[in-house]
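These notes open a run of structures that come right after.
Common to both upcoming complexes is subunit A, partnered first by subunit B, then by subunit C.
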Partner chain A sequence: MMDTVRSGMARAGGWESLAAQRDARRARTNALLMGAFGAVGLATVLLVLALVAIITYHGAPTLSWEFLTQPPREGMSAGGVGPMIFGSVLLMLGAFLMATPLGVFGGVCLAEYGERSRLMRLMHASVAALAGTPPIVYGLFGLAIFVLKFHFGVSLLAGWCTLTLFCVPSIVLITESALKTVPAALTDGGLALGLSRWQTLWRIALPYALPGILTGVILSLGRAVGEATPVLFTASVYYSTAETTLSWETLRQPVANLPYYLAEGYRQPGVVPERLIWGACLTLILLTLLLNAGAILVRYRMRRRYL
Partner chain B sequence: MMATMAIPQQKTAIETIDLSVAYNGKPALRGVSLAFPENAVTALIGPSGCGKSTLLRALNRMNDRIPNAEMTGRVLLKGRDIYDRRINLTRLRREVGMVFQKPNPFPMSIFENVALGPRLHYGLRGRALQEVVEDALRKAALWDEVKDELSKSGLALSGGQQQRLCIARMLAVQPQILLMDEPCSALDPISTQKIEELITELGKQYTVIVVTHNLQQAARISHYTGFLMYGEVVEWGETRQLFERPARAETEDYIHGRFG
Partner chain C sequence: MWRIRLFDTLVQAATWAAGGLLLLTIVAVFYYLFTESHYAFQRHFPFGFRVALQPPDSEYRDEVSMDPTASLLATHREGTDELDDAEDITRLPAPEELMAMQSLVTATVQTSDPNQLRADALFRDCMRAPKRAEQGERFLLLAFALPNYAGDRMVLAWEPDVSFDPAYCPYALTLRLIRAPQGVQIDPIEIDLRRQPKGHIELPLWKARTQDEWLQGYLFELEARPTTSTTMATLQQFLRSDWAPTILYARFGMLPLLLATLLITLLSVALATPLGIAAAVYLSEQASPRIREWFKPILEILASIPTVVLGYFGVMLIAPALQRMFGEALQLSSGRGLLATALIMTVFILPTVISLSEDALRAVPNSLREGAEALGLTLAERVRLVLLPAAKSGLIAVALLATARVMGETMIVWILSGGTPTMPDFSSPVAALGTLVKPTRGIPDTIAIEMGNVEFESPHYGHLFLLGLVLFVLTLGINLLGFAYRKRAQVSL
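Up next is the complex of A and B:
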């Protein structure tokens, strides 16, 4: 065996020449694959940028203070989308207040008890499946349960409940994974100090995981605010003449919102001019962009504090 | 059952009685009976995997955290079995503090790191809390270095300072027994020397039990030494005697670097 290797070596002219062949091949493969990754990555980024650019191109001329604050006029053919923005923000705020505690507690529960209990593993799998469930399913579920069964009617309240259901699974998952990034050394340190499991969680693990959790919450809300289907049958009205003010009555009334306006407006060509649709589209993108920027800012400021 | 190995004429702070621990059925400690003397530094030495860390972690029940760890035997603190179901785990760990191999300051300010324990355990606030924090940082020989930047992150400190912060954090809870699991193994020589001086100082007021794989360190800082192999105590006694005139051949081989 050694002899054949040696004789092969001798023919080829030593280790270096053997390596040289492979080096050349490796360099080629490397250049090819890295080039391919780069190209695909660039294409993805360009695709997204193109999307934003096209919408901006069409929508920007419509955007004005008036458009953002005024209600539609002249049978939806003029005016702005003020009530739709207001409604979207309202829907999102309620979902935020309801979904965050539920989702965070669920995530804590899975992270703390998940490993050892079969029930928790089952729950994890269910939540993961729910997080991937199409939003229309939540919309129909909300219609059946909140609107009809609970007699909430098509209302802000039913919309909140449906959006909360829609957001909770992803918040649970993000909280669970954020808590799992907490180093065991920190948890051990807390327990060795005599802190209870709850105190260790509350004082050490959760603050450590908080930037990640908040980012996840905001991203999930960003997704929710752009979805039309969860609120389609549960909370939406195409156009409400009601003033954009808040009262207890608002809870039981449907609200206008951006995604629904886009869907309905587009289905009725000739009624809503195209420039208004583009403008609303851009507004929705800006709203989610604003949320994402908020998420990044929150994470950055928290990380900088003590980490 | 082997008789507990105690140092004559020394008050015992904590003792193990026929203590065995197994992980997934694999024994890590086999019937260890040791009485750790009060207000002295005891070193636990032995080759990797000999069970010295397991023994240390059994003394404040940190092994509870490890799934599939089984334990038999008893650990007596002031005559009470700490594995008794009625024992208050929080109180036990208040009395028996622990410092880990790798410094693990919490991601909060230096002050908060030290203040967390006394605030949660004793409800201290304001002036009283500040005094406890200062006192703990002084005892940990860190005060002079950090007194002007108490609001800085604990993670911004050097490795050696972080370890002293962890010691201060432990002291602030007012423990009686200090467990240290290779407290210097992640530190440079100068930081190591500082921690060693600190351990010597702390040994006057506290019962200190140090796991180390650094034999010179054990010889320098400890009054008593236990030598473990394969989960059993091979030899146990005054440090000087154990290092200069070991009674057992295995001990002599180990301290002269013939294995391990």
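Up next is the complex of A and C:
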């Protein structure tokens, strides 16, 4: 009964009801699709939370002051990961000190002279390509040039140089794009007041772009500290019970670091107990989270200052 | 005034110095990857054959290497480099010279009773350093029956040494009779060992009654002659399908590694890109600013989780699940393999894809959104008809960037791939499933694993650099393409 009525309406020029039906279908499709999209987004968030939760669940019991400061004992089956944390931080700090000036000035160079000559365009493209070059390739390069050619040996120094190379391209790109966001009104104002080109850059453009640059630098360091591959052949040592002291000798010696400790930990099952591995996983995540939190903090504080 | 000028000069100098150093680095990376790979071309191509003289009914006819009387003629890294003056490859040595020769091997047959076989022939094995084969190498083989042999026929049998595949040898390998004993009528024998790596021929019986007569026996030569240059041979073998650099007869075929890396990349990018774009659409079009403000840092955290930790995750969660699913049917010892790697790779790249896709979508001008809304399109229609086409270049750039990142990611593959180089096989559904869940090995993890215990500046080291070069060139191409798309996205918007 209802069906005949409906089809009758449709035949009697019921284009409005047809349109209504179509609109209902469109609304359904819309709800379905957008719901699915939202679900994917939600799933990603849940994934992060689950990852962090599982690692915390397994790793938290291991975490203690002793674990964070003591060297491994009894053939790596007991003790802590003190030297590894120390080495990771050392590697990161050195890379930070070397990569930041190089990367920032490289970015300035691209922003100031970019797009003008063919050479600079080529450089821009190569830096972009280098930023996406796999860390293992940097590891190979560091091995060939720093470890073997320059006779640094497998050492902290070679690790610093390799990590620096690994970080610089992304810092360059970040600086360049942060400098591009500086409003022309500001720089023009500076020039109009009689500042030279470089004073404008130093006093006006760089401070404005600083939050963006710093965030980028911290994030790329966070990536570097969790990445085992560039230092795999250039600076890493697996088994270290050495006292964590600093001297000029440290520069020429290999350092233990967390990612390499973890990687070798899985590769040689049974040597390092699972408990310690989970603990080291959590420590490494905490280290990168700390850096991330720093980046977010910098961004918010700086933003507030300039708005 | 001079202070301003000095300051200007300093900043400018620093900028130029940094720019120059960058250029230098770029050139140096290229240069060193190329120069270090030249060690690959100093490789040798070892070969080896087992030869035995047997009674006609020998039980070792098909497994010459099991025959206790078999001799080994081989060039490989355990061979000696010593030569002696009498070894002039171009002429036939006189019988009295033979005894002094390092490359002489004897093949004897003593008895047809397998229980009485003795392995005490005069010159058993000959192993030479592989270097000499590049100019041509010759082994001499003296074949005769001992006086106590009771049979009336004898057979010369040969086969390649264990793990040696003649197809991997760029030499023409010939087994040739160069002198028959006096009074024996026999047709010339010349066997192409690459075409017939395993076989046997019957010889007319010839007994040596005294020690002096040994030297009058059948004299064969196994000759190796290069057919192409070392460089060509190295390149040809680099494109083959066997990667076994540490065995005696080393093989450096990178095809399984390359295919595994490409498959892992393809799978995870095919998974991560649609998911990532979907989440990015939600973030940029639907989510409230508050949600977005929370979302971005969470994505950054996921993006910053170290890959070693993600890999461990795969080992603890995904691999065991895969093993429970397919373990019994396919006899898996662990769930590590291509699929587990690709899944974790997806988790690794997803946050980056979402974050960058969102940037690309947000770069679409609002006028387009508003126009589409004014036409009465629903959100899904606006996304499909307006937003995605407008953001196309940017999204392609994101996918390319993800491809390059996944292709070079090392630790996840190292931990999760299982570590066995395997050629992918899609000939049947079962084989395809096996390819997905069985252990494999990619290019980056091969470099990472093997560089740890390789001798520096050896051919193996060079091959690892060649692998790095392949990876570098692949990612370079993808990155440059992505760079071009990114530029286009900026220009067109």
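Here is the rule we use: the second predicted complex is superposed on the first by the 273 of 307 C-alpha atoms of A that agree within 3 Å, B and C clash if a C-alpha of one lies under 4 Å from a C-alpha of the other, contacts with A are read in each partner's own complex, and residues count from 1 in each chain.
Just so we're on the same page, a residue touches a chain if its C-beta (ideal position, glycine included) is under 8 Å from a C-beta of that chain, and two chains touch if they have at least 3 such contacts.
Quick caveat: nothing in here was measured; it's all calculated off a predicted structure.
Novice: Comparing subunit B against subunit C, which has contacts with more of the residues in subunit A?
Specialist: Partner with more touched residues of subunit A: C.
Novice: With both complexes superposed on chain A, which partner does A:188 reach: first (subunit B), second (subunit C), both or neither?
Specialist: In the superposed model, A:188 contacts subunit B only, not subunit C.
Novice: So in the superposed three-chain picture, is A:196 touching just subunit B, just subunit C, both, or none of them (first/second/both/neither)?
Specialist: A:196 sits against subunit B and subunit C alike.
Novice: In the overlaid three-chain picture, which partner chain does A:93 touch, first (subunit B) or second (subunit C), both, or neither?
Specialist: Neither: A:93 stays clear of subunit B and subunit C.
Novice: So, A:271: does it touch subunit B (first), subunit C (second), both, or neither?
Specialist: Touch status of A:271: no partner.
Novice: Just subunit B (first), just subunit C (second), both, or neither: which does A:204 touch?
Specialist: So A:204 only meets subunit B here.
Novice: With the two structures laid over each other on chain A, which partner does A:116 touch: subunit B (first), subunit C (second), both, or neither?
Specialist: Only subunit B is touched by A:116; subunit C is not.
Novice: Between subunit B (first) and subunit C (second), which does A:101 come into contact with in this model arrangement: first, second, both, or neither?
Specialist: The answer is second: A:101 touches subunit C but not subunit B.
Novice: Give one of first, second, both or neither to describe whether A:47 is in contact with subunit B, with subunit C, with both, or with none.
Specialist: Second partner only.
Novice: Could you list which residues of subunit A make contact with subunit B in one structure and with subunit C in the other?
Specialist: In subunit A, positions 196, 199 sit in both the subunit B and subunit C interfaces.
Novice: Across the complex, what residues on subunit A touch subunit C?
Specialist: That would be residues 26-27, 29-30, 32-34, 36-38, 40-41, 44-45, 47-48, 51-52, 54-55, 101-106, 108-110, 112-113, 119, 123, 125-137, 139-141, 143-145, 148-149, 165, 168, 172, 196-199, 201-202, 219, 222-223, 225-229, 232-233, 259, 262-263, 266-267, 277, 281, 284-285, 288-289, 291-292, 295-296 of subunit A.
Novice: Taking the touch rule as given, give the residues of subunit C at its contact with subunit A in the complex, in rising order.
Specialist: For subunit C paired with subunit A, touching residues are 4, 7-8, 11-12, 14-19, 21-23, 25-26, 28-29, 32-33, 35-36, 275, 278-279, 281-283, 286-287, 295, 297-302, 304-309, 311-313, 315, 347, 350-351, 354, 378-381, 383, 401, 404-405, 407-411, 414-415, 444, 447-448, 451-452, 456-457, 464-465, 468, 471-472, 475-476, 478-480, 482-483, 486.
Novice: Write out the stretch or stretches of subunit A touching subunit B in their complex.
Specialist: Answer in residue numbers: 115-116, 183, 185-186, 188-196, 199, 203-204, 207-208, 305-307.
Novice: Can you check the complex and tell me which residues of subunit B touch subunit A?
Specialist: Its residues touching subunit A are 60, 62, 65, 67, 89-94, 97-98, 100, 102, 104-109, 116-117, 120-121, 153-155, 166, 169-170, 173.
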